[in-house]
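What follows is subunit A paired twice: with subunit B in the first complex and subunit C in the second.
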Partner chain A sequence: MTDNPRTLWLATVPVALVIAPVLPGLYWALSPAGDSAVWRALWQEPQWPLALQTTLTSALLGSLLAAAGAAMLAMLIYPSALWSRLQRHLAVLLSVPHAAFAVGLFFLLAPSGWLARALAPLMGWSSPPNWVSVQDPYGLSLALALAIKESWFLLWMLMALLGEQAVARQMLVARSLGYGRLQIWRAVLWPQLLPRLAWPMAAVLAYGLSVVDMAIVLGPGTPPTLAVLVWRWLTDANPDQQALGGAASLVLLLLLVAAGGVACLAWQVYRHQRQRRLPKGQRRPHAPPAWLKLHVPMLGVGYLVVALLALWSLAGPWFFPALWPQELTLTSWRSANWQPFWTTLWLATAASMWCVAATLIWLEWGPQRYNAVLYLPLIVPALPLVAGQYAALLKLQLDGQAAGVLWSHLLMVLPYTLLTLVGAYRGFDARLMTSARALGQGRFSACLRVKWPLLQRPIAAALAVGFAVSVAQYLPTLFAGGGRFATVTTEAVALSAGGNRRVLAVQALLQVALPLAAFALAALWPHWNSRHRLGLR
Partner chain B sequence: MLHIENLTVQRGSQVLFQNLDLRIAPGEVLTLMGASGSGKSTLLNWLIGALDPVFSASGALWLKGQRRDALPTELRRIGILFQDDLLFAHMSVGQNLAFALPAEVRGAARRTRIEQVLADVGLSGFAERDPATLSGGQRARISLMRALLAQPDALLLDEPFSKLDAVLRGQFRAWVFAHLQRTGIPTLLVTHDPQDAPAGGKVIDICTWQNTSP
Partner chain C sequence: MKKILTLPLLALAWAAQAQTPAPWQTIEAQARGQTVYFNAWGGSEATNAYIEWVAKEVKGRYGVALQHVKVTDAADVVKRVQTEVSAGRRNDGSVDLMWVNGENFRNLKNAGLLHGPWAEALPNWGAVDLNKPVRSDFSVPTDGFESPWGTAQLTFIADKKTTPTPPHSAKEWLQFAQANPARVSYPKPPDFHGTTFLKQILIELTPDRAVLQQPVSTAAFARATAPLWAFLDQLHPLQWRAGKAFPASAAEMHRMLADGELRLSLTFNPNEAANLIASHQLPPTAYSFGFTGGTIGNVHFVAIPVNAKAKAGAQVVANFLLSPQAQAHKADVAVWGDGSVLNTAKLPAALQAKFNKKAPGALTDNVPTLAEPHASWVEALESEWLKRYGTR
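Here is the complex of A and B:
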């Protein structure tokens, strides 16, 4: 790697442009919260105790259920052929954005939803039952949505860890010693995997604490979750309300830190307990119960939800309790508003390209030891960050401008492109670069002509991941755009308050289609590009 | 006695090896040679019960007069040793060994037994140590003892010497073979290095059962 301080400095510029303005922004947005009067006002605010309660229920319960679901599924079916097959399904399901998933789940669970229609003949219902199955005051339906969606992410993380040969072989060795799979999970795998799952878990909880789009669709209305309240306060014209929002967004951060502290403590106690205890050697070589097909509901609900979006977007008249619309029609698609689609398309394309370029420059020339800083947006609740971005944009008078919206997406996209590329970049055979440079190429041209073309597959994947992350952004688009930029995500969430399910389904389905198309392109393009090069396949 | 009877393994229409048939007597170490990619690991995976589902296999595995190829790994009583020692990093050396020790050895006797095993391999007082602080040779010895403590009916060695440096390798090899002879367990050693085979032991190349087209 280079030691030239000037290139090192230059390589940090594209990344610094993304991160640096947030820091003073955070100061501007959060400094009013330094006043104790603000905290007293927050304490006396009537909505705050209930909002805090629903946030705690939905975020904690959602994260715990997601972890429990992913852990149980892994324990039931790893190692097996089924486990490896699930990987492909997860790749598809993970590309379904949170907001679209929430809308689809609403179509499934609402009193007039598909589940109630399926039950209607059994229960003799002719009108929707008197359920509070969505937007319930406790945030339970929001917790359920988070649990399902985040369990896929945690399963994906588990798959990556279990894909390591050293981990897979430990399972094999322990089995050859006569232990059953469930025992091995408890005694061998979890003690080693749990510390490595700490950051993904933190990301899940941080997301659950500050999620706004899903909370608007599925969460309670009066009072809403704390995150929704914070967002309303921060965007209020009244500075007192803004200060309240800053303070409450710090509460979200504190909740995350507190949960992390409790988890660390529990882990230390557990470790201390097992430190000197000798395993007893008791073998229970029973296979896990095969009849428990947990993967069917856990992954199946994802497909069901997308199918419901598609069905509603094509539905003609569709009265309760019919399971199927009276007729299918393209009317909703013909009259659809395509403006959000095009806005999303250019925004996501520009954001992912900027971030992949910045990531490549950073990985080649930048100071790698600061990678952790770039990952921070993944595990910090989005709300204080977005508030900081918004404050910075206001000072620069870039709020409501296209450049401002684009910039607000970069901070969220960058950690993902880095995460996707860093492994492949570090694993690149350095001798190839040495050979290229020995042939007289400069470092930049060797990158351009040898390294980056050889890395086209991970680069394409990073572009797709960055694109998908940008498509799913809700808060940054709203804040930085000042309501002037509607993307498929903001449009779908805005429409969820109205009564027109068909129009809503079209926007939500577009939100699913964009990332899915990006991933398909990322898989196909390198394949086509290297069709005459077997070594690259 | 371990007997692999008429084993054929295929991947789709491609045959990896055909009608493989071999017997290993108690206390014997049979060496199976083969270049990398020759299907050695696939054979080991079949023996241990972890064959990748892309392969299909026909044939039988007999051990002590029982057919075992339909049993799951945990019921086969076949131990395996890889080139990486695969000690569990979250357990102490003593815990690693106790994990393998049968449950019939109870209470204080477990600790005594482990101390005794450690003394046997020249690592007295290592029970509380973190495996990560041991040398490669020490870890390899613990790893073998862990496999043997579970009292397997057969043992598989997957290039177990290839990660050790040249000096250590000779010593460890001699130590392993001496130890295995005493236990009387049939052992299959798989390697690409002819020097790994014990002196006077039977050596077979896996291409005996493969179509020898280039």
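Here is the complex of A and C:
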């Protein structure tokens, strides 16, 4: 597709602006970790062993449970009408940001939470039970939150893979041969799907290892998870502590690599044993038990959590063990602080616009073989990257500036806009462009007048995805913003340590509302825009 | 001999003259259009809403844009200023005004990281009540490097429904924990409410209180704090989650008290319980109480870092914070309920009424005020606590 080395070079500029400054930043941030004294200090740091243990429990257990949940649900109900219905629910649930989900889950599971309130009349409790159901020392509640949230993501990925014609046809053929659903999954589907799920799984694990916002809300405090420690050390004014943070963030990266190695080994073992598990002619057409309605808790908890946020944002007096607020009031909404909302709105709008524009230019003129580099932020733990960004911003004196915060979001948004657009862009009918060029249009004007308008649906989707990703950013906003920029995400996490659940619920709900509105707009706008064009409807 | 002495004295006098602050009109003129980044603890909505109100007022009155940078611990701001100055950012620091007292002020002052002296040259300084400890902060003289903002006194909160008779001393606190297992706790130090709780117990149990007013030394520390650690060793197993975990903040304790997860909470603001009842965060049966022997009280201040970018704007804000209107609004229980540093008797009668409002739930007992230990004790206490109890 590329014709001219100069356009090639120019097309990489918007993308390079996002990525290039991070590289020296990574060097500045992580080079102190080259000193062996830093590693000795880390080894002797009293919080480190327990923090590492909590991180391992929450990230590994969370990712494994998410995978197991998604796999079990898929085996139970694919293919069925229910499976296709789930897709719409997942689209809604996936737009619930991690921090808001954690806050809502806290409202549900805490000893004074809604679950305990529901049980209180049965158990005769007048005070909350002595549960250790949130912020537990092992990070189990954090693992549970990650498991539920990430299982939706993995289900979404599975849906995309299973939606491919080739896979769907194999299921049909195998069923017509009389094989049972579970038999087909084991013999035909998993061997194909597992390798293709490797990258989504890596993304899930990377997220679990370096998540800070959820860990602050649901994770333990004495000591916190390694990611939270790294974040505290890196933002410490003392250079020794910063070096400690750099070293510990490398540990997160090593953990991911190690987990990847273990997964590769497991895959080899699985492949060798596969021969023995191929069906030998017996049909086991037993349907999975119908009473096992796994999708109800797995997806229902998402709606319950959002409902609890809504209820708390409207609650008047509401003390344990009351199941419902004594009265509903709009006070919390009227006195709400809207500044984080506006900050989030402009940040996310600007970030998604820049990234979609950069992605379009890249896809049209850029060197496609380097796409993998742009995907890296998806599967690398965020902490070392954010530390690199911060170091670069400090050198450029852009920390605490609006431009710096916006830039810090771009690196996280860009891979998602690329991921959303690349399929549709490659699938575009090249003949349309050829015709446009033949009619005398230059390449740019052909894109502007033919290609991009025809791609308005995926472009709108990419804008919405980019917007949602920017809304959910916690670490980049905190680091680059130096505390001066409060978004709904940073505000919700900061308030989660405070006392007023109503104020917290309002911010968390705003955090849910922004991406939802973006996705709704992305669905409706192309429709409206093409109301006079029959072929585009 | 005399001559030799006079020369440096003259030089000093000249230097003092050079340091004389610019006249107030000049400062106000410089301040117009400046943006003041006010790094202040953001853990209470009442406080945050009040600072928002101040921002609106100073924008309208003086054309100063006040930005509240919410911090969880003022010690982080101290470190920030330290790093900036040592990295050579001498005039365009990121902090213009900060909420501070105690050991953080001492550290800043000792390291020469504060702008000043300026506080006693503020036009509104004249109304300040000099009978309150506004010129000494945890036994460290302020010397005009910070301007008083409000007064505070450690106050406990309980719920009449579950706790008709609250503990009135450290000893009774322990007995209360025995009678109510897993229903007592305190915020995890170095959260300042948690540290204050430690200091309160220390003052009550230590053999010689006078030692606490002196800078800390290793030998004095060991002797003075031994009863405190013995007390905590007894208390922790009876606490919420067996003392292996602690609430993150006083705000979290209020929520846990409201739901009955805890029986006691604590605050630095004698009016906070009233405030929280009004906003439905505590049941109407909540009430405040103190210890019979007294509780720790102090004054909190605002200071300007030496590398602040908007020093004039920061002084204008500090001066407005001291104005009778701003102090009255702050003292209003429906707003924040923070104690005033002004001599209210000298103010017009209409304003005086605003200072003296009481609301249900606020502290009504006359609790004696105990002086803060010398600022140097705080770090020693916190690090020893973290060593003993910090990691499970």
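Just so it is clear, the second predicted complex is superposed on the first by the 532 of 537 C-alpha atoms of A that agree within 3 Å, B and C clash if a C-alpha of one lies under 4 Å from a C-alpha of the other, contacts with A are read in each partner's own complex, and residues count from 1 in each chain.
In the analysis below, contacts are C-beta pairs under 8 Å (C-beta built on N, C-alpha and C of every residue); 3 or more make two chains touch, one makes a residue touch a chain.
Treat the numbers as computed from the prediction; the structure is a model and nothing was measured.
K.L.:
Could you tell me if A:281 is touching subunit B, subunit C, both of them or neither one (first, second, both, neither)?
P.N.:
The first partner, subunit B, only.
K.L.:
Return first, second, both or neither, reflecting whether A:440 touches subunit B, subunit C, both chains, or no partner chain.
P.N.:
After superposing on A, A:440 lies clear of both subunit B and subunit C.
K.L.:
Once chain A of both complexes is superposed, is A:5 in touch with subunit B (first), subunit C (second), both, or neither?
P.N.:
neither
K.L.:
A:535 in the overlay: touching subunit B, subunit C, both, or neither? Say first, second, both or neither.
P.N.:
A:535: touches no partner chain.
K.L.:
Based on the superposed arrangement, let me know which partner A:166 touches: subunit B (first), subunit C (second), both, or neither?
P.N.:
In the superposition, A:166 touches subunit B alone.
K.L.:
Hey, is it subunit B or subunit C that touches more of subunit A?
P.N.:
Answer, by number of touched residues of subunit A: C.
K.L.:
Mind working out whether A:124 is in touch with subunit B, subunit C, both or neither, as first, second, both or neither?
P.N.:
Touch partners of A:124: none, neither subunit B nor subunit C.
K.L.:
Inside the complex, what are the residues of subunit C that reach subunit A?
P.N.:
37, 39, 42-45, 48-49, 52, 67, 69-72, 76, 79-80, 82-83, 94, 162, 182-183, 188, 241, 244-246, 248-249, 251-256, 258-261, 276, 279-281, 283, 390-392
K.L.:
With touch defined as at the start, can you tell me which subunit A residues reach subunit C in the complex?
P.N.:
46-47, 50, 111-112, 126-128, 130, 132, 135, 137, 220-223, 236-238, 315-320, 335, 337, 400, 482-484, 486, 494, 497-503
K.L.:
Okay, in this complex, where on subunit A does subunit B touch?
P.N.:
So the residues of subunit A touching subunit B come out as 79, 81, 84, 166, 169-170, 172-181, 187-188, 191-192, 276-283, 285, 287.
K.L.:
Subunit A touches which residues of subunit B in the complex?
P.N.:
48-50, 53, 72-80, 82, 84, 86, 88-91, 94-95, 98-105, 110-111, 114, 128, 146-147, 150, 152
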